[in-house]
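Below: the structure, in structure tokens.
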Amino acid sequence: MRVGVMGATGYTGHELLRLLRGHPEAETVFLGSAAHVGADIREIYPGLPGQWPTLRAEETPAVDILFCALPSGTTAARAGRFLAAGIKVIDLSADFRLRDAAEYEAWYGLRHPAPDLLEEAVYGLPEFYRADISAARLVANPGCYPTAALLALRPLLQAGLLEASSLIIDAASGVSGAGRTVAADYLFSEINENYKPYGVGVHRHTPEIEQELSLAAGQALRVSFTPHLLPITRGILATIYARPAPGVSEADLRRSWEEAYADESFVLPLPPGVWPQTKFAAASNYVFLQLRLDERTGRVVIAAAIDNLVRGAAGQAVQNMNLMLGRPERLGLEQAGLWP
Amino acid sequence: MRVGVMGATGYTGHELLRLLRGHPEAETVFLGSAAHVGADIREIYPGLPGQWPTLRAEETPAVDILFCALPSGTTAARAGRFLAAGIKVIDLSADFRLRDAAEYEAWYGLRHPAPDLLEEAVYGLPEFYRADISAARLVANPGCYPTAALLALRPLLQAGLLEASSLIIDAASGVSGAGRTVAADYLFSEINENYKPYGVGVHRHTPEIEQELSLAAGQALRVSFTPHLLPITRGILATIYARPAPGVSEADLRRSWEEAYADESFVLPLPPGVWPQTKFAAASNYVFLQLRLDERTGRVVIAAAIDNLVRGAAGQAVQNMNLMLGRPERLGLEQAGLWP
Amino acid sequence: MRVGVMGATGYTGHELLRLLRGHPEAETVFLGSAAHVGADIREIYPGLPGQWPTLRAEETPAVDILFCALPSGTTAARAGRFLAAGIKVIDLSADFRLRDAAEYEAWYGLRHPAPDLLEEAVYGLPEFYRADISAARLVANPGCYPTAALLALRPLLQAGLLEASSLIIDAASGVSGAGRTVAADYLFSEINENYKPYGVGVHRHTPEIEQELSLAAGQALRVSFTPHLLPITRGILATIYARPAPGVSEADLRRSWEEAYADESFVLPLPPGVWPQTKFAAASNYVFLQLRLDERTGRVVIAAAIDNLVRGAAGQAVQNMNLMLGRPERLGLEQAGLWP
Amino acid sequence: MRVGVMGATGYTGHELLRLLRGHPEAETVFLGSAAHVGADIREIYPGLPGQWPTLRAEETPAVDILFCALPSGTTAARAGRFLAAGIKVIDLSADFRLRDAAEYEAWYGLRHPAPDLLEEAVYGLPEFYRADISAARLVANPGCYPTAALLALRPLLQAGLLEASSLIIDAASGVSGAGRTVAADYLFSEINENYKPYGVGVHRHTPEIEQELSLAAGQALRVSFTPHLLPITRGILATIYARPAPGVSEADLRRSWEEAYADESFVLPLPPGVWPQTKFAAASNYVFLQLRLDERTGRVVIAAAIDNLVRGAAGQAVQNMNLMLGRPERLGLEQAGLWP
């Protein structure tokens, strides 16, 4: 299982290396970096233990599977080459998440570099696309916010338990979600002791959420999605508001989750009254869920917590790798979250 | 202007002392504390500069005006005595916020100790009850979450610009909102790098928000209100979702705020596109507002940021004091927020 | 390898469970808790995945090895019973760290409950007592601050490279070092955006550091040790000042570390100029070291970083367990630190 | 009192505006910024209330006194022009702090642009240079670390109570000390949950501390100075180690502080046993001090806490402005620190 990581020096890259180091069957033989060719990754991350391949810029690495942790727009342009060389690809960017190239162009402002590959690409949410992922050559690893929202909502919409037009997703993320972007907005002094909404009404994860929820609901739907920036490094909490379909009880909603996730390793609905906290998921691949049907207002409130770098990025990518290479899905991913 | 503070050793108490120290006309002559009688407040807060009255437990202090920063249920039992002694009272607890004693009992689980005073008590939101506050002997200082929500929503509802049944208030608060409560839930190790919802559907600020919004809307309404706990010390952000009334534009909504707050010192609608951050308000009495009408979903998203200890508690109380004593409302309250 | 944990509900207890869950050979069959008998540990820590034994209070559990994560003074009183039942014991309290019962009584204010066991107990710092630990029935897991200080200083003192009377250890710890103690001092609001020294000149880790450094130096020595409380959850940094022995160069000092740690898995001296950061060690068992001989002042400055809950407590305890049970020392402990 | 601020858009600039807004006699008539000419400062800092002069680049503003919050090397080149125009200057950079241009060149790597002005410049530490400051046209506002260290040590050295060769200053600063520098090192994700030393042995505040302590001691001395970066926005704590001169008691040391600071407004030695915390000083101009003579080791441990942006920069600058313009030194500076 020869594994490569393109974009190894970003936060997602580091997180992939951390998880791959603990994976019993993966051998990381290639680290790609445009900016640091020839360097040892430990020059950038001196705390990373172990021996690692020198950072390289080669075009087509000799690996069985390749994680691409590159900016949106850059993987799609190379994916065809990788696939032609017999390399399976897990793309952690947004390039292959939207099935419709026009949507991609509308929200990302980029002409899609490889629209012909969109049909082949599989959306890498294992709980819902497991068989397709196992057979795929090209997997689009979901966005962090969509992962939280979809795991909370897909079963409920699939079962017709929620009014499709009523969805409001109010979500908050740790700053690592922005990657290692060096900008004043992400300085410690401006984030610490601060909390703010951003991208209100225009965040790029919106069409991804809508695509997958529409598929689950069997009808086109739109959501209000408002992300916020939390003064934490890791973690996403999505708080979701919806109207139940007529006659639906809280028990119906819970049962839907229980059925969907009874055999799942990583999705953990909590006991009634115990609400998710981002720290439950810290440094782990687990997802925590809770809901409440508020009789006073007739609305359901749902919450989902993940670690954006693990289940929202590198951990889910490793989960996909395990499936694509025919290994047990949980391999190397069952670490408990940190507490405290 | 002889001022007293009951409950001086809590966080709200300290914040009152900090503001009163900088107030040009207030002389703080009495500090009340049940637990620390005879102590100097600097034994509890060694960083507080200046000379302060010794902490005392006396029943009826010799002051013109008294801030009561005591747990809910304790001020109401004493307020009659204070008023009878000619002392004006600003109550920072919830005792006099709800006009209906039955609502108080339902949400706080306490029989109201002084229902006869409810009619006299004035809800201390200066921008909407200025004249009443100026004439009042007893002011109920609003809750922190309600302050943020009401300043954002009241003008819009009063003008009939929002559908009254559509309101969802998703809010997040710094931990100082819990006061100096010593409990595992508020330990640094459990809050740091963490974010969570709490009191979902049952938070006690719900009826306060509903009372005041219903008055503004001219009809009884209910809101979905979900508070969250932020890993910050100070600050509240309320993110609010609503449906506009038919035909209402974003410009209509903005105009409503502009008209309501044109002559106000402390409520600052931000330029379009600039969203509030809790840090804008840090250690200040200012309120920051923004909104957006999302054409895709037909919903309005509104955000309001305050410092929960200043505008959400002690600062608003001083604003009320200024009004009750016939001083300029802004006196001692115009410090800019900290940045960074 | 049947393993038990006494004091499973504290932070160190949780960290032991997190590490044992990832350990390929340990089976955790007993969780002890005085306060929560009969409960499931997930009622206290809902984010902990997996199935765990019910919390119990039994006196002598049926295990091969027992971690005691209890307050100082409580393990020593039971250790004899555990040993008599054939259970190997790793004590994470201070009960068996000091060889001299009188020192224990002087610094901890407790009469030592089992002075007869002190001779048998082995100080569990694997890099220096590996053979003794491998043969031990009773291991005293080192304190968190001592672990950082001793790994930095022992080789240098053993080689006579530092003046024994010149040592100043200025250290800072994350708040989890205080355990789950519910006290106002550890509230988020009082720790966040704050930094302070504590226990100046009287911290209980002082005699432990002095005992082990005196043994290394071959002479009785005293150190100035000042701990500080950091607004972080995990991590210790020790910054150490010393005078080099006459004629000693920076290269001599580095060589001493290199020789001492060439074959060690977990102690990583960094390349010259790269100073340790607590985050390098986050959630890992690794120790990071750096030093500089400042020609201007003639002093050596040394820094060491660890995660106080892993290498400073639970990780080191698992390292000791591996040795005591004849397993490879690194088993289950090679996870890389988190970044970011 | 027409006041100007050069470099108004940096953190120190914002802090000056915050303090000047609360100052009863200062009128801020000029804001200088090279990068944002023509903009309103509220475009950069939307949370800053009030009306402000448009940002301008003019060479010689029409003001009585000018704060220069510019990078080192830039103020010195302009100071002569300002002085010639009759403008008093308070320089918050390092340009005029070192009396010896050669020292400046050695530590800052810059040829001094105005060595002829060095003799006239007064070191702006009011407690020790009050008369000179009052008469000065050009004041060098001290560095943040030096302010903390000098206020702790100068009286003790002046009285000959410490061995001059024994000083070790281990200090930690909040990140705002780095200003609004946009670099990966200051990203939230890399600072949060982290603590590290930096500039070990080479920090530029070293010669400033040594200059002023040498003057106090009446002999040239050198110090070991190790700064660390704290995951907080504001605050400096200096923990200092020294040997007392023969026969000196802890009482002698305390008495020295009491005598030096009896009539001072801003320097507050704490009661024995109460150690400074950075939060005591948050957003205030106060300095908190404590010490302990440890009989076991024969060393004195001293701690000093300030807010690096107030007493360590803008607050001290306003204190100097008050003196230079013949106003009461405390004017506009007596706000209590925030708690929590």
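Note that the chains are named A, B, C and D in the order they appear, and that numbering of residues resets to 1 at the start of each chain.
Criterion: a contact is a pair of C-beta atoms (placed from the backbone, for glycine too) under 8 Å apart; a residue touches a chain by one contact, two chains touch by 3 or more.
Given the structure is predicted, the values throughout are model-derived calculations rather than measurements.
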Shortest chain-hopping distance from chain A out to chain C: 1
Higher-contact pair (C-beta pairs counted), C-D versus A-D: C-D
Euclidean distance of C-alpha centroids - chain B vs chain D, Å: 36
Approximate Å spacing (C-alpha centroids) for the pair chain A, chain D: 46
Distance between chain centroids, defined by C-alpha means - chain C, chain D (Å): 38
Junction residues of chain B, two or more chains touched: 11, 174, 176, 187, 189-190, 192-193, 231-234, 277, 279, 340
Chain D contact footprint on chain C (complex, rising order): 168, 170, 172, 174, 187, 189-190, 192-198, 200-201, 222-224, 226, 228, 230-235, 237, 239, 241, 275-279, 282, 292, 294, 296-297, 299, 301, 303, 305, 340
Of all residues in chain B, those that touch chain D in their complex: 11, 14, 17-18, 21-22, 45-50, 176, 192-193, 233-234, 268, 270-271, 274, 277, 279-281, 283-284, 286, 288, 334-340
Interface residues, chain A side, partner chain D - complex: 11, 174-176, 180, 182-184, 186-193, 231-233
